[in-house]
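Next up: the structures, one after another.
The following pair of complexes shares a single chain, chain A, combined with chain B in the former and chain C in the latter.
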Partner chain A sequence: MPLFKSFSSFYEKSKNKEIVAGLSLISIAVLLNLVFGYFAMIFAFYLSFFKWDYIGEMQFVGLKNFAIVLRDLSRGLHGSYYLIAPFYTGLKNILIYTAIVVPVQTFLAIVLASFANQKIKGQQFFKVSYFLPATTSSVIISLIFIWLFMKNGFINYVFDLTVPGFQPIDWLNDKRYILLAISMVAIWGTSGHFMVSFLAAMQAIPKELYEAAMLDGAGPIRRFFFITIPMLRPMIVYVVVMGLIGALQMFDLAWVMAGASGGPGGAGYTVALDIYNEAFTRIRPGVAAAKSWFLFAIIFTTTYIFQKKYGRALR
Partner chain B sequence: MKKKMVHSLVLVSVLLLAIVAAGCIGGEKETATPETIVKTETKVETKVETQEKVFIRFAGWSAGETEMKKYQALIEEFEKKNPTIGVKYEVITQMFHENILASFGAGVAPDVFYVDSSWSPIFIEKGALYPISDLADKSFIDQFYPFLLEPFKKDGKLYGLPKDWSMLALFYNKKLFAQAGLTKPPETWEELEQYAKIIAEKTGKPGLAIYLGGFNRYVPVAISNGAPKPWFEKPADASWFDNPVVKETLTWYINLYRIGKIEMENQGKTPYVVQPGDVGAGWLGDAFGQQEVAMVISGNWMIPFLADQFPDFKYGEDWDIAPVPAGKKGRATMAYTVILGINAKSEHPQETWKFVEYVLGPEGQKELVVKGGHALPSLKGFENDPDMWPQHAKTLSFKYDNVVVFLWGPKSGILEGKFSDAMAAAMRGEITPEEAIATMKQIVEEELSG
Partner chain C sequence: MTPKERENLIKKAWILITYVVLITFALVYLTPFIRSIIASFMNWAQASRYPPEWIPNPFTLENYEKLFRLELFPRWIRNTALYAGLIIAGNILFSTMAGYAFARLRFPGRDAIFSALLSLMMIPMFVTLVPNYIIIYKLGLIDNIFGLALLGLTNVSSIFLMRQYFMSLSNEIFEAARLDGCGPIKSFFFIALPLARPALGAVAVYQFLGSWNAFIGPLIFLRSPENFTLPVGLSFAFQRAMWVEYTPIIAGSIVASAPTIILFLLLNKYLIRGIVITGGKG
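Now for the complex of A and B:
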């Protein structure tokens, strides 16, 4: 067994030992990532130049699929009805949704984390209850919220009790409110998750900073804005980037709460829903792949710009 | 140094994988196909009993546990009679056709599967289905209702046989009718609207429930008033929406809700037309069963639902069935059907056909369809069968000038969805009926321009 022998002598060298052990430990994760991540990506890129119906042969169409997406966008910009420009509709909605969800969920997560960071009795209970939504399936959350958002549901009931002269809103059947309703569910579902990140970062802030500030006469609010927030900056950047990535490809909440066609007036339609519909309802996997690449480009540039601008300065 | 080496190793493996991936993409035929799977199974069998046993895979969705059990029993019976054929029953509960398409893409499609009429053109045109007419005797095919076969024919060949079917009928609540002083169901579309108004006035409950959108529910109105059957194959077919009859009837149908619900409520009056959600119901059958509305136009699937969910709401005493109202040019209804299609790439078309013949033949349909009561049998001759539910038998006794199968051409599914969205927007008053019709026209042009 010359092969085994040469391998064992190769393995005996301590430096090589580390490499073999390290590579074999990561090999499964890397392999899975390669097959289901990178292969899928490469295949999607390949697919975006073809016309295919799953049954017959693939047909090369060049850049036609991308032209379809651009035509959709230009129609949307010229004010076409939402059914004629689905990708534009989805893009517009998802940008509004992201603009609502990401700042609010980040802010809320910081607030929740600073509450959970206080030495109050029973804070463990609050930590758990804030985090609980993150452990629940988003489909189940959406289904529960569908009931809460119904016209004679709990949310309208609460508003009716607290806001004088409140007219009940048909949240999920009114095109003005459905995206807001979905955003509220998303914020509720993810803030607790990010709270944990902030909590960890807060506990890593050196106590001396607060002590020094206290000696200088800084009150709790000043300490929060001039010590906590600046020290949390790397974590804020991380949370915003993760939030951006998650929000821009939102699918599950819209699918359950608005339906495959995006609910009333397409107001709950998202890019991810459109990609799904393109691939499996209109049977145009090539166009779906082209749209996926558009979405990828959007996510990549926004997160890249954000990181470039805010991610580096603190180091 | 170490880092660099790991780096280059990873790079090499990425490259290797890319090469393998490229190979996969290039050589489609190398991927595992159902044929090879079946073959290996066959080999195992031959070793054991020397007689060759063939396995076929049958995929469908489920209409509930009872139906699944009935299928299992029928399959056991079939396997007893045909010891050389084994049938593997696979139930796909969600996104059935999407799943089947994806399995074609991956090369692991089942040998025989359900195909809804609205999806059939995709499968037929791409050559995914085996021509049934090459396998079946003419005498067997002649037992089926001919209008149910029409949509599945192409170039003189037949690509599937319907497993069962349903058609639309008018369901009406006799108690609410009596309260409103009405003695018989409406005969025409005008009467339908008139009756809905009378019932709302007299009983305070809306007379009629329809879906928001629901293009297929509108089509009988158009056809019974003299419009041709909608058929969209090329962009120019969008001219169907220019037909004055279509414009008039579509506006009327949209206004049923636009005026009957939205405007009525704006004026503070009781709405006479609603959609199921307005009365807290999930669908038309639910709204009717809860006796929140007096009339709905729905299909045979509502009958077992009402019997099951609302046992105290009795057929004959409390509610009854009438034909779909007539228009100026006769009476039309919609038919909904699902076929069993045989995979064109199946290794065992003969054996698969034997199974299909058994399931769709008189024996199979008697067990699955007639006794099950979920839909109507696709074979003729069961009209007076004692096992036929009386409600279903009554729907079969109505006379129609046109029975339209749910199929508007190669893109039926997507067109139906988008038409319904446009109609719903107009029904809610977000756009005018004229704008909705223009949008529907534009959708046809867009979807069929390739």
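Now for the complex of A and C:
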């Protein structure tokens, strides 16, 4: 190891060992992040102005890739068929999906956390069972739910037992229901994870607040709305922001449950799937890069606006 | 009824409601797992029967046999283990080195570099995905677990976690070592690393969960079925309809999720606490 030897003699001789040690210890991590983070980002920006097929010459096309995206959006707004306006289809679906998933999972997580945040036996058991889906691969979860969502499957059976007059639904082959089915899986998969975050935040709320409220005669519901929710606000913002970032980039569930082309009528198509298809099926990396910047802008503005309005996300 | 009795009754009713809600949701979260484990021992005719049946009859291991008869399946397990191993090793080594340096050493540009790394967390992976594909392609490492692992050898959140941990250690022991003539690199290996065992464990577990379950990276960077990881392989098996029945896919899902589930069940106390502290995934 001559390299190691020369480094160690350089290190031993150096005047300020701390600087040499510091810079060398961070060097590999920084180098990797520089290449796969910053360089890749700059490259993505550069790429969005070029037409390319990974092999031949890169051809400068100016803003044409962004124009393709905008034309796609305007076609979609004028009611074109979903295959002609894939980005619009993906965007529309992902916004609906986000509007369902983020509020429901956040609300469910708070409710479950406040029920579990009492002196009860088996709290750890409940935490573990709610958290279990979060440790399982989203692909595995999707594969299991494909089976559960079949027309003669378990989910129809449960609805049939609990909802009067329920007609069995072919969830994943019906374009009216596929996005709802994916949303249900997403909520199932992530709410337990956020519940644990809320539970930790709740345990940090001073007990005196509740005691004072009880002396004033506030019941559990009033205490929930007037103490728990306001005290949890920073955590709620954090969970919503994390939820938005995850939901707007949803890929795995749609890929497995709807397929790369988005299932029946493109009803399960997402922006992330569209970026994938642009880069690896239609072989237009420049357009894929342009679309990824649109996705970045959407994520950035929604999380920014939300934090501007409700305060910064704090853990 | 005296007010005292009334209060007691309300309290009892409230506890009852609490348990009903908590148990209902425990069923919602656990039933898919339980149902899959049971169904993995059924033949497809029984697993797809309506209304659903709960006792395998006949009890069969046929699904698991079918799974392992497919030569690819053991390879997928091996590939996933190799990928997870590389990612864990890389993060333990490089993220810990960087976390230590950012926390305990003074050098020019330290805080600027650290915040530059942190701001990378804001960039969605889809922005850097295509350029990284091209970089790995130019390196000739497409369809190679090592090429895929290269992207994940360090992780900003592991660096962050290790930095926080090293910052929380008391200064005295490092100061004492320095007075005894122990340089910064020596004190990294002989003081910081042995003290960091709990944090290293946390990094290892999170990286294990992340890499074992990873999908989009392996999907894009691995091309041929014999190099797939379990999530990519199983979704491939499903899409190519490798089996007429669905039960082998269910059995495969059980096998693929068993390591993460068992690990979680063993370590649940630490994991749940840790995830609260670090903010969870990614």
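Going forward, the second predicted complex is superposed on the first by the 278 of 315 C-alpha atoms of A that agree within 3 Å, B and C clash if a C-alpha of one lies under 4 Å from a C-alpha of the other, contacts with A are read in each partner's own complex, and residues count from 1 in each chain.
Convention: a residue touches a chain if its C-beta (ideal position, glycine included) is under 8 Å from a C-beta of that chain, and two chains touch if they have at least 3 such contacts.
Keep in mind that what you see is a predicted model, and the values were worked out from it rather than measured.
Asker: Once chain A of both complexes is superposed, is A:Tyr81 in touch with chain B (first), chain C (second), both, or neither?
Answerer: The answer is first: A:Tyr81 touches chain B but not chain C.
Asker: Determine, for the superposed model, which of the two partners chain B and chain C contacts more residues of chain A.
Answerer: Counting residues of chain A touched by each partner, the higher count goes to C.
Asker: Considering only the touch criterion stated at the top, classify A:Lys17 as touching first (chain B), second (chain C), both, or neither.
Answerer: Second partner only, chain C.
Asker: For A:Ile283, decide between first (touching chain B), second (touching chain C), both and neither.
Answerer: A:Ile283: touches chain B, not chain C.
Asker: In the superposed arrangement, does A:Leu63 touch chain B (first), chain C (second), both or neither?
Answerer: neither
Asker: A:Asn173 contacts which: chain B (first), chain C (second), both, neither?
Answerer: A:Asn173 contacts chain B only, not chain C.
Asker: Considering only the touch criterion stated at the top, classify A:Tyr54 as touching first (chain B), second (chain C), both, or neither.
Answerer: both
Asker: Considering only the touch criterion stated at the top, classify A:Trp255 as touching first (chain B), second (chain C), both, or neither.
Answerer: After superposing on A, A:Trp255 lies in contact with chain C but is clear of chain B.
Asker: Given the touch rule stated above, what does A:Ile305 touch, chain B (first), chain C (second), both, or neither?
Answerer: Neither partner.
Asker: Per the contact definition in the header, classify A:Ala297: touching chain B only (first), chain C only (second), both, or neither.
Answerer: A:Ala297 contacts neither chain B nor chain C.
Asker: Can you give me the overlap between the chain B contact set and the chain C contact set on chain A?
Answerer: 18-19, 22-23, 30, 35, 38-39, 43, 54, 280, 285
Asker: Over in the complex, which chain A residues touch chain B? Could you list them?
Answerer: Chain A reaches chain B through residues 15, 18-19, 22-23, 30, 34-35, 38-39, 42-43, 46, 52-56, 81, 83-84, 173, 175, 260-261, 264-266, 280-283, 285.
Asker: Which positions of chain A touch chain C when the two form their complex?
Answerer: For this pair, the touching residues of chain A are 11, 17-19, 21-26, 28-30, 32-33, 35-41, 43-44, 47, 54, 111-112, 115-116, 118, 120, 124-148, 150, 152-154, 157, 188, 192-193, 196-197, 199-200, 220, 238, 242, 245-246, 249, 251-252, 255-256, 259, 272, 275-276, 279-280, 285, 288-289, 292-293, 295-296, 299-300, 315.
Asker: Applying the document's contact rule, which stretches of chain C touch chain A when the two form their complex?
Answerer: Its residues touching chain A are 14-15, 18-19, 21-22, 25-26, 28-33, 35-36, 39, 47-52, 94-95, 97-98, 100-102, 105-108, 110, 113, 116-117, 120, 122-135, 137, 150-151, 153-154, 156, 159, 183-185, 188, 209, 212-213, 215-216, 219-220, 230-232, 234-235, 238-239, 246, 249-250, 252-253, 256-257, 260-261, 263-265, 268-269, 271-272, 275-276, 279-281.
Asker: Spell out the residues on chain B that touch chain A in their complex, using ranges where they run on.
Answerer: 2, 5-6, 9-10, 13-14, 17-18, 21, 25, 95, 98, 101-102, 104-105, 122-123, 126-128, 277, 411, 413-414, 417-418, 421-422, 424-425, 428, 430-431, 435, 439, 442-443, 446-447
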